[in-house]
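Next come two complexes, and both contain chain A; in the first it sits with chain B, in the second with chain C.
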Partner chain A sequence: MNKKATRSTKPKPDPDAAPQKQAVCAVKKVFFIADNLLQAEDGADRMRLERFYHPGKGQPAWFITHHDCQIMEMLEYGEPRRSWLLNNEVCSNGRTYMTTPLDATLLALHHLRKHCSQRAMSLDSISVDASDASTNRLLTKFVTAAGLKCVADVKASGDLVFYKYNPQRTLAWLTLKTRGVVAVLKAKQVHCGLGAKSQNYVRSEKLVSENDVNEMDYLRMACDYVGRYLDADLHEELTRYLQIPSEIQALVEEKSSAQKRKSQQGQPSANSKKIKLANGEDAASQLRNSSLLDSDDGKDSITSPPTPAPLKERTMTAKEKALAKGAKGSKSIASFFKAK
Partner chain B sequence: MSITLDFDVQQLDNKRPMHLHYLPAKIVGDGECTDVDKHFNNYTRQAPEFGNGVLTNALRGYPLLGQQESVPKGYKGLVLQETDPNQAERQLRLTGTFQNFTYWNYDKVPSKSDGYQQALVMLDVAEALAEPVSEEALEEEMKLQKQAKKENA
Partner chain C sequence: MFEARLGQATILKKILDAIKDLLNEGTFDCSDSGIQLQAMDNSHVSLVSLTLRSDGFDKFRCDRNLSMGMNLGSMAKILKCANNEDNVTMKAQDNADTVTIMFESANQEKVSDYEMKLMNLDQEHLGIPETDYSCVVRMPAMEFARICRDLAQFSESVVICCTKEGVKFSASGDVGTANIKLAQTGSVDKEEEAVIIDMQEPVTLTFACRYLNAFTKATPLSTQVQLSMCADVPLVVEYAIKDLGHIRYYLAPKIEDNET
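This part shows the complex of A and B:
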């Protein structure tokens, strides 16, 4: 009885104390804010966090604005188990909020494609169509005329300026942007290949072989990065425009080239050793049939020595065959559980 | 909906720099804790056996390896605080600023393979993406594309 009483009384002070404590020290957040947002010109003007439609996310996201003309994206970096210690205070929110530069034209692109693909429109009339005021604010304050010129045809009539979405210009513009990203990825030596690699391993390996770096892998990574700011269909268009093969195709190609021995790589017809299998099929055609490779890679696979994978698959099917033979005539297991 | 960062930029210089630790642990709870100087900073040691500038300490008996990090170039570290998230006009107030902090890893020497370091690469990538494209470069690219199309056809 006594024990029960203490149990029920014990939690009581907690709900009263908790809100009090929170009121004293409300949630703090750690920001990395770019210096160019922090220039003190006009003390009265405050930075603001605002929500604008983010085409890559398909929903509004946070952006930081200043002076009604500067805009940067608000990125959030978080790990599952991180917290901050700020002087003598614990901050359970271990995230870091960073402002990253942004070309507002990327955000405008969504609205241009939506409204101005058929006819030229002025920015004001685009905004009228949209339901919320943020689009208007975005297009009239933060998007630059120079930026819009890269993705649209501009027609001026008196004071009014009309824009019409231009797919060719947009794709060329995005290509240039993607190349810029490729340059940075290369300069930073970001590993863009397939699969994970230890950073330490890559570093020591680099001295030995530089051919590890694949141009297409960089381009794919850069294109995917640019695509994070685009509508999904435009991202696909860009991928096709840059002629980037799909990742699965690349994986197959890499596999087949990895199977080749170095001495065999230069001479396609040198490989005469074909292991005969029980049914007379040689390994190359086996590989071709096993749907591991695309049909147009058939030429490549001839040169590659047989891999354990298709052989293993064969024994498996034989086993299955035997199993199937043994199971012939027996009832399906499901039939035992059927309601009679 | 918007949140105002309610502080004067000139205020930044007057604030005393804060001491920050980026801990590899989830901590349930916020607010004032113990005397960090006495119970944590006091035990920070140089550990040259792990590399240059590597520090060691322990959090609740778990070994930590860390190093001094500075805020990325071109950025300032700010600690902001939201007073009342239920208000219609949300505001963030300035608590303090910092240029350096201590990055701690659990049982692993801080290196380029840490998520945090990789996230910083994104800052440069974003900068490249935001770089404006010149009119001439765009015309050039479209010309090349047209040529490539003709050759294919």
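This part shows the complex of A and C:
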């Protein structure tokens, strides 16, 4: 992270306006930009604010390009009721803007899927088909051949290079990306489990070692990160490919498995309670007819005789527990005396 | 109609105290020969067998055989309400679902009766085969209780070793080992203080100490206790109830070479 908090002003609608130009109406914004990018600004290859189609958002979004080779996403962080104080001036726009480098292949993927899923095309012809000039710029300037190789079949004929979208290769490449994000999330100890968790609340060592976040939570989170730069259907495809159950599904499964355990433990007591409710034949049949009971479970509780089970259910006193402990290692008396 | 009357409530109190720790509930089987109760403890390691002969009661009437399933804890609670000198009468109708327990003071000035719900206990009776025991030890009940209490501090299990020299109780645990040897008393002045060993074959058996301690709750019933042992057969701890019957505890031996 060689980023440094730096202040620069940029009139948003006009990307070519020089930062130094202090126009009266200039809107001041706070940016986090890498230092080395700002220094290069004097030369010809300074940063440019451009619009490209963002597959995750499904519409064009702002990106910052540099040297005509690097493309950076512009992230915006806004908090309500926040403003900056800049040189004795209050800047009412309290948002913070950040730039993060982006793999242009992710952006190109949208165009490849759109145009080259059936036939191989050269990048130029894709651009011609596309209505927007930005597509041409994106595909010709920023996308690297190496990157495209990861998501498409490459066919070269003389000087012309044709690309055909390859779904298998793309998913494999996205999986690699996802795994990379998982590694980063783990390294940074980002909580990915269900619910919120305080980062600086130190739990006892024992609990820390006991991993309450499973691999799938990390994978889901990482997949969502990657999916933010993909078309919605491709994101879904990736989720399926990685076999990530949806969060709700995982929650339900976890719950049901927990309940299963509980029900296995407390089955007799649960049944005995049901028996008390189902007092007599009429109540029992009513209960059976109403779909309140699971068919097999219900049948069991209704048909089982109500007498001896509840007696054995009561909790043991300390004395009884001690006696039961003492019985360990002894043979059963019933093995000596047979029932009459 | 069932009716049984005892001159002293204290005997019934002691009987209940002797069994209620081991058994939560039990069935009193009443017939014209008397009252019998047989039940296993929850862990099915020991068996309690109580016999009260009809001729030991002041008054005993049982028209039809009757099984009364009782919660022994509740029964003990009711008996706590009696004074030791009170007369106690148990009454039940044929096929009744309650039993009435009545206490009368010696001068008949105070009469209290308690009705308790009976339970339908589905307990099977076990047939206890006639056994010719290799060793039968008679000793003071107090002494046995003391030995069990002392050895319980050392281990969960007690080894009873009976030879012609005498009977040895031993326990070993983390603290160390404990051995208590009792030799047969030479001259018997008082019968209740005697240790009498009737041995055909030496026997060494291991038992759960907690159970032996539970059995010694019957100590107030009798001055003497009789231990009958035979290899690979449950131990019998018998307390005689004077003029009335006996209470027998059967305890399965521990499996050898097990961790204590």
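Descriptive notes on the structure:
Please note the rule applied: the second predicted complex is superposed on the first by the 212 of 340 C-alpha atoms of A that agree within 3 Å, B and C clash if a C-alpha of one lies under 4 Å from a C-alpha of the other, contacts with A are read in each partner's own complex, and residues count from 1 in each chain.
Following the convention adopted for this analysis, contacts are C-beta pairs under 8 Å (C-beta built on N, C-alpha and C of every residue); 3 or more make two chains touch, one makes a residue touch a chain.
Quick caveat, the model's predicted, so the values are computed rather than measured.
In the overlay built on the shared chain, the residue A:77 is in contact with chain B alone; chain C does not reach it. By the document's definition of touching, of the two partners only chain C reaches A:335; chain B does not. More residues of chain A are in touch with B than with the other of chain B and chain C.
Of the two partner chains placed by superposition, only chain C is touched by A:320; chain B is not. In the superposition on chain A, A:59 makes contact with neither chain B nor chain C. After overlaying the two complexes on the shared chain, residue contacts for A:157 are found with neither chain B nor chain C. When the two complexes are overlaid on their common chain A, residue A:118 makes contact with neither chain B nor chain C. Shared interface residues of chain A, touching chain B in one complex and chain C in the other, do not exist. Put simply, chain A touches chain C in their complex at residues 307-308, 311, 316, 319-320, 322-340. Put simply, chain C touches chain A in their complex at residues 21-22, 24-25, 40-47, 119-120, 122, 124-129, 156-157, 207-211, 214, 233-234, 250-255, 258-260.
On chain A, the positions that touch chain B within their shared complex are 21-22, 24-36, 38-40, 43, 46-51, 64, 73, 75, 77, 79-94, 96, 98-103, 106, 146-147, 149-150, 168-169, 171-173, 175-177, 180-181, 183-185, 188, 190, 198-200, 225-226, 229. Of all residues in chain B, only 1-10, 12, 18-37, 40, 71-72, 74-85, 92, 95-96, 111-113, 115-116, 119, 121-133, 135, 137-138, 141-142, 145 touch chain A in the complex they form.
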